[in-house]
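As structure tokens, the structure follows; a few thoughts come after it.
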Amino acid sequence: MIVALKPGVSPEKKDELIRRLGEQGLRVQEARGEFQTVLCLIGDTARIDPELLGSLEQVDKVSRVTEPFSCCSRKLHPADLVVEAGGVKIGGGHFALIAGPCTVESEEQLMAAAAAVKAAGADLLRGGAYKPRSSPYHFSGLKEAGLELLRAARRETGLPLVSELMDIRDLELFSDIDVIQVGARNMQNYDLLRELGRCGKPILLKRGLASTLRELLMSAEYIMSGGNERVILCERGIRTFTDYTRNTLDLSAVPMLHELCQLPVIVDPSHATGMSRLVPPMALAGAAAGADGLMIEVHPDPEHALCDGAQALRPEEFAALTQKIRRVRDAVAR
Amino acid sequence: MIVALKPGVSPEKKDELIRRLGEQGLRVQEARGEFQTVLCLIGDTARIDPELLGSLEQVDKVSRVTEPFSCCSRKLHPADLVVEAGGVKIGGGHFALIAGPCTVESEEQLMAAAAAVKAAGADLLRGGAYKPRSSPYHFSGLKEAGLELLRAARRETGLPLVSELMDIRDLELFSDIDVIQVGARNMQNYDLLRELGRCGKPILLKRGLASTLRELLMSAEYIMSGGNERVILCERGIRTFTDYTRNTLDLSAVPMLHELCQLPVIVDPSHATGMSRLVPPMALAGAAAGADGLMIEVHPDPEHALCDGAQALRPEEFAALTQKIRRVRDAVAR
Amino acid sequence: MIVALKPGVSPEKKDELIRRLGEQGLRVQEARGEFQTVLCLIGDTARIDPELLGSLEQVDKVSRVTEPFSCCSRKLHPADLVVEAGGVKIGGGHFALIAGPCTVESEEQLMAAAAAVKAAGADLLRGGAYKPRSSPYHFSGLKEAGLELLRAARRETGLPLVSELMDIRDLELFSDIDVIQVGARNMQNYDLLRELGRCGKPILLKRGLASTLRELLMSAEYIMSGGNERVILCERGIRTFTDYTRNTLDLSAVPMLHELCQLPVIVDPSHATGMSRLVPPMALAGAAAGADGLMIEVHPDPEHALCDGAQALRPEEFAALTQKIRRVRDAVAR
Amino acid sequence: MIVALKPGVSPEKKDELIRRLGEQGLRVQEARGEFQTVLCLIGDTARIDPELLGSLEQVDKVSRVTEPFSCCSRKLHPADLVVEAGGVKIGGGHFALIAGPCTVESEEQLMAAAAAVKAAGADLLRGGAYKPRSSPYHFSGLKEAGLELLRAARRETGLPLVSELMDIRDLELFSDIDVIQVGARNMQNYDLLRELGRCGKPILLKRGLASTLRELLMSAEYIMSGGNERVILCERGIRTFTDYTRNTLDLSAVPMLHELCQLPVIVDPSHATGMSRLVPPMALAGAAAGADGLMIEVHPDPEHALCDGAQALRPEEFAALTQKIRRVRDAVAR
């Protein structure tokens, strides 16, 4: 961590600051320039809050050199992490296709979707039993009955399950769900993250709409520092000024996250774009950018899903897409 | 709600859509243009999800006319709502100054802060017992002991309390806290909002960093539709591309929210800027923009608060600021 | 265009508005709802400024149905436009690889770069003779001498040229440059766009850092309505809150622009990311998303380019990338 | 400037980098940490491009300590700059109220507006003769005839003039305009800025919609390094994800710019909000935040200005607002 002092700070004030930093267990090296003096802090700076340090009267500017995350730092963990969930591997060269309906609506709908994505080559089945909705008047999922249907679909197809947990009090209900999803709106629900750090299950952590990569990794750090290292990161679009698409899919996050950390990174083109006709090109782009997997919404009958799921691909569209995804992965790998 | 059809939609497809919308209890009026046909939906459109409607094959574009919130709509509730908390009124001409330390650190710190803000004319005391921190390695509050100290400060000063609830499981511990704060990161924690809709206490709802005003109001609607109408909105800065300040304080949200809804709107310049020297100008700007209150961090000794609270004003800075705030309110009101 | 009236507008005020709109040559259809009345404007609404209309006292909200661009509207021009530049075709299935150094530095550098990109299969040579730099103290190009070197490189390799015009007064100097580039910072330099509308040369129009797709298309409309239809659009990253990459490459713009207009759309991963190691994955992602071309910076010796060009790929990296790009295009096309 | 090296960089590579930096005239101090080595560069780093430096193979991260602007740096120019234009002073305690129509439409309109703003106490008259419009089909100003009318209004009222220059070729036509405005879209039109650096007239430089404060100051530096120090900065709203207001007025830029530089800073609430009813609260907020002036649109008859100017205040609204602005300034100053 680098601390640039304000021009004209008195030697006493400077020494006071150095003394305090020393009390935090840090060594300080000093570099004096024409206009400014700079302190280099050496040691465990992860516990130092750069904003608070920057607000001290002596300080002009603080910048990080070492990232504040360690459990999920590529520098400390050079090898790719492979997460295994229900017998399926993700990361380190293992590509996972996660597909299914946005929301579990009925037995008929889920079974049709599950069979279709299985037939098309999906590796895991996704389906929401608890749905975050921005309006209190919209359908928010079948809850426990939805989880029950998901289990039935798993029995039928053998596909491991991915489903979103919203409320920390429901954690026990998810004890046999293969991958617990943390939605974008909950990425900084720290109490939830802490509990998941103790649950021993793979966690699919979605990036928040306004979250930097550092914040995403700090949220992963919450889970991992609690003892659960099986975290999968998911880019699903960020909020920008653009207005034609719901969010802006930030695909450069994929190679950047691979550089910063050892965790698998997947892409969700369905939520990012909000429009089924943009899903195939963005799914292919995600695969080309090096994602370790894709999460795609598939609905057996989007035509009649006025209340839900209409942004989904039809089974035949998904089947055609999976062929192209495979070819793109081959094209990039060679 | 307005639905523009794609050019060249067949009459059968159009009639099918109109029939389905009719099944949702909506009347449909049709306007045929040279290039496009437009349907105006009349009735209770709050239950219609515009994104899903927009994804249908017949539909080119959907736009809302009536806002999807009703509990907190100014059109339906023309009079300003006055929220009363611990004997203090906020809104409808009643201005509330909420001040205190970011985090409760110790009895000495809190008592000094509380006495100082009381002396300077604050109306409520703020203090965090549970703190959301982006790093799992930073201090996250004294928890129950912090709430206990807050109660002691209330006994001492008579100031009602504002404190943040992060985890839904802690709700009972907040039963005698005068105003429960929902932080920006929890603005779309819908299960938490639903519980608060049943708790009968004033809620201070902070705008999320990437939340539109509509989303903020939909979150208020979650609370209010559950039966608790005592919601105070708080603008605390949004995330933008700017890099000199932590966030961008969106003060135009104050008059815009007053136009859209009947709820009191306050401003938090401390979190928006993250720098104590920017707090006074932004606090004054917030008062000039018509805010119903301000929430300002005050610490008795920011000099020695390396671990916390250094973005706070000193008591004497806060006292000087309150004088100016009063004068600005007078200047604007006349 | 849809105009929602404020609740409670008097019949006289409404009729006055309808009369005025009629004077603009528009037909008005009225739809009365429970809370609000909506006017559908039919006719040539491109001349209507929606913000000004929205500011009238009778009006609650305005939303566009028909887009305000016509020269570059897919609805009016369903077939892909193929732009030909120096014998190379772009668009409508023709993919163009544009490569070369960011800035022309010297004859040696440019010739080496040109030979290398030619050998690797590039279709056009890029090189900046006039460079926009955010600091007045940074190197801003060789100017006319740079253009002269580009011409020499064209003679040597046969590759048509792409170079950026910054100052309208230099237009004549570009008379034999094959494609004139308008940089992101000049996307709304309307006087420049108008002149380019009269110059009869292919224009590569880069999206501004904070420009919506509609604004990009309105800038294309400036050029095209002047009589020059040969416009190529370029996505080069937008400004968002992200901080690890310079800008955020918005790849969903590619399929969305293809849906909105008939123009070719290319992607510039070099400027979007600002880091050479992110260029290959983002170039591949752009190809997978359906771009009609890529513009990539290549420098013969980035190691020694402290003053310029270090974000570029080395020739051998570019050559390897072109192989993968071809394979990805095949994978996606089948 | 601080350069953090990648972990594991060889001593040879490090020495090579230090040697090269030395060739740029910089002294280098080295600080070795557990994981990383950091170089502090001392000397004139304004000529170093941090992005290019950051792309070198040895380098992990670069951060600036000293800002890259010097002409407009508060550190080097501690006293407030007072800009004088047509006898009116702006900055250093001198507050300027700039008002008038968005666009000069006719003699009648301009004279009425000029008389009204003069009567209400405006210090300068604004009016656009050349208007940037996002659509080529919208009215783009009366051009030279508009400038002629502005001169007539100046003769009538004595108010100095502020008007926007869009095209560098029109510079001579502006030779007797008191303040030349550079619009937000032209903030990085560097050739224009360079010419204005030689013109010896006060320049009102508007912040671009996606420009950081550093970029705004670098654009001021373009003008000032050419010899023209009379630059006034203008905050007019930035582009964010918000959708209820046209842009987001970033008022924290006012105190932050005052801290960074010596130039006067004014606020334009009219363009930021795009809605006349939001102009008064945002104007008052700007005054409370410490702006050195305000630029406000006033139209004698916004009711009948369907084609232009409808976002403007009426003369009586402006007159009432000026009273409040004065009172707010008093309230803040004491």
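Each chain carries a letter (A, B, C and D) given by its place in the written order, and its residues are counted from 1.
Just so it is clear, a contact is a pair of C-beta atoms (placed from the backbone, for glycine too) under 8 Å apart; a residue touches a chain by one contact, two chains touch by 3 or more.
Everything quoted here is computed from the prediction, not taken from an experiment.
Common partners of chain A and chain D, by the touch rule above, are B, C.
Note: the chain lying farthest from chain D is A, by mean C-alpha position.
The geometric centre of chain B is 31 Å away from that of chain D, both derived from CA atoms.
With centres taken as mean Cα positions, chain C sits 38 Å from chain B.
With centres defined as mean CA coordinates, chain B is found 26 Å away from chain A.
Counting partner chains per residue, chain D shows two or more touched chains at residues 210, 239-241, 243. For chain D in complex with chain A, the residues that touch the partner chain are 2, 4, 7, 29, 31-36, 38, 40, 42-43, 60-61, 63, 65-66, 75, 239-241, 243.
Residues 20, 24, 46-47, 49, 51-57, 68, 132-138, 140, 166-169, 185-186, 188-191, 194, 208-210, 215, 218-219, 221-222, 225-226, 239, 246, 274-276, 302-303, 305-311 of chain D are the ones touching chain C in the complex.
Interface residues of chain C, counted against chain A in their complex, comprise 210, 212-214, 238, 240-245, 248-256, 259-260, 272-273, 277-278, 281-282, 284-290, 324, 327-328, 330-332, 334.
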